[in-house]
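We call the chains A, B, C, D and E, going by the order they appear; numbering starts again at 1 in every chain.
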Amino acid sequence: MITIEHLSLDVGPAGIRDLSLVIKPKTWAFIIGPSGAGKTLILEAIAGLHTPEKGRILIRNTDVSGLSPEKRGIALVYQDYSLFPHMTVAENIAFGLKQGNKSSEEREEIVSDLLNRFRLLRFRDRYPGTLSGGEQQRVALARALAVQPELLLLDEPFAALDPQIREEHILLMQQIRRERGLTIVQVSHSREEAFALADQVAVIMEGRLVQAGTCEEIFFQPATPEVARFARIENIFSGTVSWSGDGMIAVDVNGTSFRALAEIPAGRPVTLCIRGRDLQIARDGVTPGPYQTCVTGLISELTPMEFGIRAEMSGPCPLVAILPREVPAQSLQRGRMVTILIDAAAVRVIPSDLKETV
Amino acid sequence: MITIEHLSLDVGPAGIRDLSLVIKPKTWAFIIGPSGAGKTLILEAIAGLHTPEKGRILIRNTDVSGLSPEKRGIALVYQDYSLFPHMTVAENIAFGLKQGNKSSEEREEIVSDLLNRFRLLRFRDRYPGTLSGGEQQRVALARALAVQPELLLLDEPFAALDPQIREEHILLMQQIRRERGLTIVQVSHSREEAFALADQVAVIMEGRLVQAGTCEEIFFQPATPEVARFARIENIFSGTVSWSGDGMIAVDVNGTSFRALAEIPAGRPVTLCIRGRDLQIARDGVTPGPYQTCVTGLISELTPMEFGIRAEMSGPCPLVAILPREVPAQSLQRGRMVTILIDAAAVRVIPSDLKETV
Amino acid sequence: ENKEKTPIRVLAAGSLLLPLGGVETRFEAAKPGADVQVEGHGSIQVIRQVTDLHSTADVVLVADESLIPDMMYRTMEGGRQNYTDGYIPFATNAMVIAYTNQSRYADEITNDTWREVLARPDVRTGFSNPMLDAAGYRALMVAILAESYYHDTGLFDRLIGSHFDPPLVLENDNGTTAVTLPSVLRPSDKKVAVRDGSIYLMSLLSAGGIDYAFEYRSVAEGQNLLYIPLPAEIDLSSPAFRKEYARARVVLGFERFSSLGRVRTGSPIVYAGTIPNTAPHPELAKEFMNFTLAEAEKGGNGWPAPLGGP
Amino acid sequence: MIRSCLPNPFIFVSWLLGGVIVLVSGLALMVIAVPELADLPHLTAIALDGRVIESLSLTFAAGCSAVLFLLLCGTPLAYALSRTTSRWRSVAESLLDLPLALPHTVAGLMVYLLFMSRGLIGGPLAQAGIFFEDAFLGIVMAMIFVSSPYYVNTVREGFERVPVHLEYVARTLGATEFAAFRFIALPLCSRHIWSGALLAWGRAVGEFAAVIMIAYFPEVISALMYQRFSTGGIAESRSIAFIMIVVCLVVFFTLRTMTRTRGENDDHH
Amino acid sequence: MIRSCLPNPFIFVSWLLGGVIVLVSGLALMVIAVPELADLPHLTAIALDGRVIESLSLTFAAGCSAVLFLLLCGTPLAYALSRTTSRWRSVAESLLDLPLALPHTVAGLMVYLLFMSRGLIGGPLAQAGIFFEDAFLGIVMAMIFVSSPYYVNTVREGFERVPVHLEYVARTLGATEFAAFRFIALPLCSRHIWSGALLAWGRAVGEFAAVIMIAYFPEVISALMYQRFSTGGIAESRSIAFIMIVVCLVVFFTLRTMTRTRGENDDHH
């Protein structure tokens, strides 16, 4: 659907640098990355709102460089909704239709249908300024869908919504997407949304593509330490391979030896990433297997979370574990000494010199 | 710390209506509720930015009605950060200190310390407009803490942050709070935050207090159907008690009979709330126990989520279940017939006529 | 140092501003304690400053002696005195046709051809508003007088009368010729232009918007303009032709509320000065007046001609 | 945006300080109004005087035409300025500001030199039968010249405040550049357009020196007033002034009340 | 806010339409500049004339004093207006707008009637030895009167745009009402204050009719120009006009370039 080839775009000091990306038709693609990375810029470039310095964008295999935004058949929804404040909800939704040459009955019908689907009927004649964030967001989505675009660009569409409304919206968008065979490119900060919706994910940092793949790949097998940090992997360490053989390696981190599944010669510096959920508390007297790492530490901090308890362990190699709520309370107390077991398969190894892309 | 007594406040059509609330010293209190409920208004009223029509606010057991905002020793952080755009980061943080009579060395020291703690040192002389959302948020928090308030009011302080930064902030705030013995009142939309942080939670709807209690109470035992909906309890039904005895009741919902633990006479209308996570798929051939409800339905929709899979079941009484990822894939397919088991203890019953407050 | 000086406020007709510049310098040199401040307006405006705005003036100098008795021999508002009780005539002037070397047919116009040149369709002529400025009604009088002097019936009509809407029509009434102006003097084509006073007229002339303007000779000389002098019989300069001048009359088209005399009769141009009874420094004023009269007597560039007769 | 309900003693002090200006305006109004209201029959007679009414309508008509011209040409200009970053912008803006500080007689002279029928612009147009001297068009031109900086500056400020995202969104929804201007930027700037038009109108209607240089006739109200002062003295001209004041007060009050609500929804704060 | 990098043909059309106004201003400048630059010695002589320099400094000094007064009294007034919702606000605003549309002679008359030494305000002050007639103070008063609406309106608009949350936050951080005004609202309004001051200064400096009513002396530049016009014709006065134009262009260009960057950080969009 969209092919971005070596796109470069300068805006002041920041911009997009040599970005190539392919988004397949009818997928829901996510663009994620830290604030200021250039995510919004990419959407704007696809929509034709910036003229690239280098590279080109193909939509449906045709170069759209010379095509002005209104001719690209793309709708864009900004994070701040960008509703037209001087038009009512119905007028906002009908705006795109009025630019085309639909008859007024057709327009009326499309608008009514969208108002209905987005449960906006009673706001029909209100002005955006008087709506709550969630209501505004729904209007923005309905407005974008009204022109029946083939491609929908969403800039953090659900960020400012309260969770209840967010969920409703996501379900609705999924339904519409399926009906219309829409391709969606969405900028998001939320891993929850990415897991629920993304067919493919691209991670952008400082204007560059650093990793592309599925949600699982990005969040569980980050390609670089930066992505790992961005993916909120709780334990990230730098170390050196101390032993290698049989598809397994041992990595020395501050004197602690971690086992991991990889084939990297000894002596090479690597970064280890271990999700907090992959850490288990060893029951007393259990000896670790050959494919396990065993670390002992003092619990320094305990934080309850909705789906578990976050435990921080101090020690030469401080670890963070996310433990199920069912763990017996007596073993989880601040100041207690615990032994942690980590499966070698749960340890992701990133060689430090060559940043491989998965 | 704060006692709000029968507070009423009119702003246009909306406002606060007869609100009473006690917030204990050194707690982290949450105010949650839908958009436009009046949450921000409550914070502003506590800070002294509105003059109440009725009722009064006591802080440290003294009526503060006559006290202007600058004399209350309360700091307020807005969701939009409200940084002073014409001052550098350091000037923003020092603003409150300049209003007092601190020497310039003292000021310098406090500011440097905060810059350091909030990892803002390199932004010291930048203007807010050039910072990312997360950086701005940190400045806003540092500025509020600089005046060493006893009470901190936070209006959705972490909403617009990306998750990585959010977590860092939360940990930092917890640490500072513990050090200083701060009382914090926070408006939030995020149940995750509430679970991690809240000592007490108040739910506000349309200017009124509808429920106050701990996170578990609010999210697992909502007092009214509205709170249940707000708490995103997936299954909410209206029904009538068809049988009652022995501390258990049966409730008829569209022909399906649910069992619940309660003592309500038969014939009374009630609302049932069941969390999606409390629904289990019955293995073939299992017969439900006496304290269980058994419902059969067709899987109509499956959505993967970060911690599980969301399954929607159609049928006379449509259910939504959140199932663990470990459920065998073959039993989870769209169009398959499944049997759902629900423990009676997991069914929350709200009598429809008298909306009891837990 | 200015503070110790006594200011003498002189309200003067615009056409006197240039010579008064010299008077100011010399008077202040002769009398170091005095600070002469000359304020220029149209003659009628000059008097209004005193009578309506209660502006304090030490000396009032106007271009038409008749204005002083008309407008200033009245009891003051809130007082018993008149604004003034006398005046000194001190100079005369002549109406001329001023032009520049960019004016159309500047090389053709002479004493003899001016009537024909001014009447050409592409030539624009200007004069000031007769209702506000003495030079204005004097311009009309010149045209009226020229008609009989040159025995050129229809001259007034060709030069001025027919270019207004409604047209200005001459009426003969046993020996006097009068024109009655409508209340709004609106040109009907591009042949004539009317402006508030000589300052606007002169800028139009210099800018090339008009080709010829009826002006005082002293103004034309003072601004280094070319001009065509007119015969004494019609240029309102000579007391000898007082009777002839009186045959031309302009009836101003005032609204009913106006407090000025409506009928202006032709007469030799006489500049006059007075010291209002409200003058804050009457002694100095008198000194300045005498100094000015003496200077006027001497004449020079920009000065209206000294009074010839008694 | 709705403001605090908090009583604010500083506002009170501000009123005291700033009240001086309101007071002066009020007293100025009084010194004209009191003697006029004391002689109502005279005032009525003047108010019903055909020439006064004619001149008032002429002035307002010319003022409105000038504003109309500014709406048509000044609005695109303001838009273009607000969307231009080239350094020529500063040059253009300084040129536009020129009539701001010019003594009005000079402004009048400039207009005259340009638009008289032998002028740089007036010349060619005179060939085509369009004249400015002593004509309605001349009045309008002079008014446009002196009031344009007020209009253009105000409206430019307005366009600069229209969020660029809104125009972007409109473009992706199928709007051409012009449609985005017409349906988004223009209506969102309406408050500034109103207020600029009001400033420009006021400046135009009150002009004297610049107007009478090119068009002594037909008589605008300030020329009539000047003439009445010369011929009838202060009483005459004060009546006209008072009528003018009343009309202006009514116009301003109505327009301000109308604009108060206009553009209320347009803000993003 | 940084704008689109997209080429926009509509901007081009806008420039064409709006260019008319820039063109007229440019041509107007030319018709004055060309003859002056052709006779440089004369121009230099006039520029070095003591009286011209004195008058220019007087005019600018008076203009700056008027602006200073407006800064001191008009700013609190604008603030108070922006924070008042009472219906008296409309009345006060209409009164303030009054000098906007008044013929300048009427404005001058009003100032004169108020401030002459027998006037309503001038009277009592004359007792105290403060005179306005033919004095620097009189010039300043007239300038204040005619330029106040431009200043107050612009600055009020600015204060209305300062987000109320910022003042709220400042209050909770220990700022009194005054401190919140002084350190938050005032600096955030600085762009509007500059621009209002510029408009007001321009209006003040160019004023003639209103000023000479109360103070023909000392001579402001427009009075001097009038005087030179009467005595020396167009050539004399045009030189002064040209000098004035050059000075104003320089002032505007400098100030506009300075204000361009000012308040850049203040926006919230």
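In this text, a contact is a pair of C-beta atoms (placed from the backbone, for glycine too) under 8 Å apart; a residue touches a chain by one contact, two chains touch by 3 or more.
Computed from a prediction, not measured in an experiment: that's the story for all the values here.
Kindly list the shared contact partners of chain C and chain D, in label order.
E
Which chain has its C-alpha centroid at the greatest distance from the C-alpha centroid of chain A?
C
Please state whether A-D or C-E has more C-beta contact pairs across its interface.
Counting C-beta pairs in contact for A-D and C-E gives the edge to A-D.
Quick one: point me to the chain whose Cα centre is farthest from that of chain B.
C
If you average the CA atoms of chain A and of chain E, how far apart do the two points sit, in angstrom?
Averaging C-alpha atoms per chain gives centres 54 Å apart.
Express in whole angstrom the distance between the two chain centres, defined as the mean CA positions of chain A and chain B.
The mean C-alpha positions of chain A and chain B differ by 24 Å.
As a quick test, compute the distance in whole Å between the mean CA positions of chain C and chain E.
37
Any idea how many Å lie between the Cα centroids of chain B and chain C?
89
Residues of chain A that contact two or more other chains, please.
48-49, 69
Hunt down the residues of chain D that sit against at least two other chains at once, touch-wise.
4, 109, 113, 119, 163, 168, 176-177, 226, 229, 234, 268
Can you list the chain C residues in contact with two or more other chains?
Expected reply: 53, 203, 207.
What residues of chain B sit close enough to touch chain E in their complex?
Residues 44, 47-49, 68-70, 72, 74-78, 80, 82, 84-86, 95-96, 99-100, 127-129, 143-144, 147, 153 of chain B touch chain E in their complex.
What part of chain E is in contact with chain D in the complex they form?
Listed in rising order, the residues are 1, 3-4, 8-11, 13-15, 17-22, 24-32, 72-81, 83-85, 90-107, 109-111, 113-114, 119-121, 144-145, 148-150, 152-153, 157, 160-161, 163-164, 167-168, 176-178, 181, 195, 198-199, 201-203, 205-209, 221-222, 225-226, 229, 234, 237-238, 241, 244-245, 248-249, 251-253, 256-257, 260, 267-269.
Sort out for me which residues of chain E touch chain B in the complex.
Checking each residue of chain E against chain B gives 163, 165-166, 168-176, 179, 183-184, 187-188, 190, 263-268.
Touching chain B in the complex: which residues of chain A?
34-36, 132-134, 159-160, 162-164, 167, 171, 174, 189-192, 195-196, 229-230, 232, 303-307
Which residues, counting only chain C, touch chain E once they are in their complex?
Going by the criterion above, the answer is residues 7, 9, 14, 17-18, 21, 37, 39-40, 53-56, 198-199, 202-203, 206-207, 222-225, 302.
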